[in-house]
Amino acid sequence: MIQPRPAPVKAHGFRFWLRKNLFNGPFNTVLTFVAAVVVAWSLYNLATFIFVEGSWGQVWRNMRLFGVYRYPPEYLWRPLLALGIMLGLMGVMAGAGGRKSIVAGAFLPIQGFVAVVSVVAILFWPSVRFLWPGALALGFLGYFIGSRWPRSIKYLPWGWGVWLVVGYLLLSGLTTGGTLGKVPVRDWGGFLLTLILFTGIIPSFPIGIALALGRNSKLPAIKYFCIGFIEVVRGAPLIMWLFIASLLLPLILNVDANSLPAIMRAYVAITLFSAAYMAENVRGGLQAVPRGQGEAARALGLSAWQTTLLIVLPQALRAVIPAIVGQAIGLFKDTSLVFIVGLVDFFKVGDIVSVQPEALLVTGGVKLEVFLFIAVIYFFFAYRMSIASRQLEKRLGVGER
Amino acid sequence: MSDAASAPAPIRADAPPTGQRIIEIEGLNKWYGEFHVLRDINLSVNRGEVVVVIGPSGSGKSTLIRCINRLEEHQQGKIVVDGVELTDDVRAIDQIRRETGMVFQSFNLFPHLTVLDNITLAPTRVRRWKKSKAEERARFFLEKVGIPEQAHKYPGQLSGGQQQRVAIARSLTMEPKVMLFDEPTSALDPEVIGEVLQVMVNLAKEGMTMVVVTHEMGFAREVGDRVVFMDAGQIVEVGSPEHFFTNPKEARTRSFLSKIL
Amino acid sequence: MQPGKPNVSASTAVVPFWRNVKIIGVIAQFVFVIALVAGVGILVNNVVTALAKANLPADFSFLGKPAGIPIAERAIPYQVTDTYARALLIGFLNTLKVAIVGVVLATVIGVLMGVMRLSSNWLVRTMASVYVEVLRNIPLAVQIVFWYSAVLLPFPPRISDPIALPGGLIMSNVGLAFPFLYPTYRFAVWVPYLVAAAVLAGVAWWWRRRTLAKADRVGSVWPFPVVTFLVVAGMGLGLSYVGRSVPSDLTFTFEADRGRGTTAFVVDGKSRPAAFVPVTIEIEKASLTVSSQNLVESRQDVRGSVRFPLMRENEADAFEFAFADAEAAEERGLQLSFDKYPSVATIYVDRNGNGRFDAGEDVDPATNRGYGGVDVVMTVTNFRRTLVSDRDGQVRTPTFKHADDVAAAAVEESAAPRAGTRFSAFGQAATATVSESALSAKTAIQPVGALVLSRAYVPVSNYEGGMRLTVNYLALLLALVVYTSAFIAEIVRGGILAVPKGQREAARAIGLSGTQTFSLIIFPQAMRIVLPPMISQYLNLTKNSSLASLAGYAELFVIASVVSNQTGAAIPIALLLIGSYLVISLAFSLVLNQVNARLALVER
């Protein structure tokens, strides 16, 4: 019998890598040089702009506007406390799931971001000097609790429920004046508003699932209603729905236009829009579940509802988690469209900041700086989510046969 | 726990006496669109009997047993299972499904649940057993099918033969009066077919009423009380295995057997 | 139940309806429909009462009223007095205009990037990955603003100093203009040939297919009709240039000192504008006075900049430049340094006496600003330009003035050659002649064929001639193209990776080269996987064009929202918008279904 022998040594090292990846053949060598010139030119221009030409003062001076827009500075502790609680809850999930879990993959970068902001706050922003590090600390506290007592994750749904209520009360306030003075909804803005609108994906979940199930229903009335809703909503762009919602919602609900703040109109539009896309994603998942699964459940005596909720939906949703994360990224970017209904979200603050009198003094304006900053922030969060989605995809692919 | 090799333990303490009819099918007809899949089927199954249904593919065997627990709806005729007629009545459908177990060609285990959860799901949700009782029974049947150690694994981690045995245990835990087998070994590798058939043989010996659609002629000959041969949506011939395999009456039966034996 | 008794007749009792599966379904639908109708009824009722209360229109009658909306960008004729319906139609056409061009460009760039992402070259691969990741993770709204206000608006050369690119392209912060072929009044000559070409192409196609089928041969069919068409149509086009002459009723009137002209057909004293007529204009001697300006452009100050309309050096025999107030200029020591001869110059004072313009010499130490507000006179000798009139028969030239004695005197005084000016034309002796006060020009109408190439030029402060794309359109187009191409790149990459490995192996095994394997085996199969998601990206691009307001481009949604604000007709406008987008979506899904059906057929 022939004994196994070690494989011959593979060529490696830097020079081998270069030859394999950059200079294998004349065509590739030329390509490398062309690409190198393009890269060098782009990097040079970018660096020159960022470090030499750019005038970043306008961005730096208006950080509070970017963060919360007109939210009263004396109440800044309230959104930051809400953020801290959120980080704490995420921390518990991340801690319980372990460092390598998906939640941790989302939580740790956010903590990193908050940590950077905290350092900046300690150095430069006296009014929130302790608040940002406080939020950071709450996050780590949650992480500690989660990793120390993983069973605490059982109470988390309650925690999130409480957070929704408390968070809303913190933001809107309770009393006229005082520590918990009311802040009108129209003063919410900046990145805070972007995040609030982003939560529209949460209610879109159950609606989307209901629509998807309805679309698969055998009952024609329900089926065609769901098809109609999904296709009409998906057929037109979000910006149009936002516009229509802002015009028509007060009419449709027969309420005074002033009693329905623009945020709520936008929220309704975003939720329903997102639900239609969610429905299509979920439907994809439902189609991926083999017919035999439902048949086996029915043969065991489970009712139609039990079959759907216990057998079909869990499998369908698991199959489409990456698609749903993709949709979340899309929604996160799409929140920037609320400018059409007069809301001032993170993106719109850029417009305001770049036409302030100080901005107009700068030669050539500061639009490039302002929107570069905005782009970087959006990119950070969206890219982070897309990395998480890719990890999920890999994990789910490996997990099931 | 009881040993499968020793005297077989009764699967249900209240198992009724054998001999009386548990499934009664009269004048059954079914169409898929314009295609007449089941034509005037008359068949009855007695308690404790093992009926093996054989026939070429597309002959309607699977459709027949899928009609018995209403995975397929029949258009004409009458199906009565354990005294309950299968109609559009939700209550009748639910009751019949509770009392019949079914084993599929493709196992159809729920991949997102562990083996134990797969088995206890229906007893806790449909029979409203306590979790502890359901788990106890689940472990009993897992032992019976010979894989007690796999309770906490996921279906994806098991071999095909193991999966099918879990599927059998899952059905048995509901304590059905009838077991329907829809080509249970067709999707299995040749070397594991034996282990599944052995479980079925033991089940038959313990007195379970079984309707088995299969291509395993050995099983039909050894275990079957009656063999039903179907072709083109009709029952062509019914008889005991000896009669069937040695001296079939019908020409179609003879030609079918000559091809596969 | 008692043992021994046959139980066939067990339950034949009538099933109560609430337990009957079929009836339950019907009832559920019935309840659902009733709830739906009731809900919708309440909402509609709300809307109707609210509309009545606010006295807002709820029907489409407003569509026939004059809109009064100025729209700069339009594919069909439009005036402010036209109806709302026409304004909306223009919006719809503008949506199509940006969507169709966008789809083509996004596909090209997207496919390129997708292939690059799979390149074996690390640098290329990484570059493409960065492109994709950056662009698809930044909101489109941000990208549109970025292209519009950060890249295109501050585009360094303003319209007074545009960049002339090779191929007759002109780029400035007003937009892009380029030469374009337009049909002339003689287009009709060509039409019979075009019809004949189409018919013959059809015949060629049919004949080739029949021949192939008869001979039972495999061969490509398409070259035959295509070549036939090109040959016949080309012949017709060529013939339209033979024996051409200017029709006697075609006139060209030109007011040289206003820089305006009109080409028209005059029949029985009535004149009708003649579109796309080439004319030549020659002006023996003329001058043009421009004030220097201190400008801020993008990130730099442009000090004491003199900007004459864009001209090419060969458009005149000589260009001469002089300060209008030569004495004062002499006193201050002002000189001209050309950035772009003969159009753009900077005023400076040669303080270090080296005869050249050096950094800092364009700043007046007294005011610490540039030399703005200084009049400079350009005198051209034998200026000539060939122009093509536009759709309305209009032609524009720089508004030259007669080279009168003021200019002549100024030229004479500054005639002595100066060291240090870059261009010799500056120092040429001028021969000023005082003639009649009105500027006169020699004009001629050129004969044409079926098509005429119209060049873009900048007579005063905007583009004329050629095809013009506004900066708004460009910003939206660029943003949409770049954004969508990132998604298309991912789809293409996924499609190529989804082609089974065995295909590559089989191709290599039958001896195809790497490039052949890719272009003949992998790519065609990948395209099949890629097409359906790609079409949905096209739809996304079209829908995303509704963000046009960020770039100031007037597409459907922008015009609709303006109309809605003006008329208060929220409901009809909402219905119109939803309807239009549904039509677009349906059109795309129709294409998608066709593609899917075709692919399914090919698969068989």
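Read from first to last, the chains carry the letters A, B and C; within each, the first residue is number 1.
The rule we apply is simple: a contact is a pair of C-beta atoms (placed from the backbone, for glycine too) under 8 Å apart; a residue touches a chain by one contact, two chains touch by 3 or more.
Quick caveat: nothing in here was measured; it's all calculated off a predicted structure.
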Most distant chain from chain A by Cα centroid: B
By number of C-beta contact pairs, the top two chains: A-C
Interchain centroid distance [CA atoms averaged], chain B/chain C, Å: 70
Distance from chain B to chain A - Cα centre to Cα centre, in angstrom: 50
Chain A-chain C separation of Cα centroids, rounded to whole Å: 35
Shared-contact residues (touching 2 or more other chains) in chain A: none
Where chain C touches two or more other chains at once, by residue number: none
Shared-contact residues (touching 2 or more other chains) in chain B: none
Touching residues on chain C, where the partner in the complex is chain A: 25, 28-30, 32-33, 36, 43, 46-47, 49-51, 119-124, 127, 133-134, 137-143, 145-146, 149-150, 154, 296-301, 543-544, 546-547, 549, 557, 561, 564, 570-571, 574, 577-578, 581-582, 584-586
Contact footprint of chain A on chain B as seen in their complex: 69, 71, 94, 97-98, 100-102, 104, 106, 108-112, 121-122, 125-127, 156, 167, 170-171, 174
Sites on chain A touched by chain B in the complex: 290, 292-293, 295-303, 306, 310-311, 314-315, 318, 399-401
Touch list for chain C against partner chain B, complex: 1, 3-4, 6-8, 10-12, 15, 19-24
Chain C partner contacts - residues on chain A that touch it in the complex: 21-22, 24, 28, 31-32, 35-36, 38-39, 53, 218-222, 225, 231-232, 234-237, 239-240, 243-244, 247-248, 250-254, 329, 333-334, 336-337, 339-340, 347, 350-351, 354, 363-365, 367-368, 371-372, 374-375, 378-379, 382-383, 386
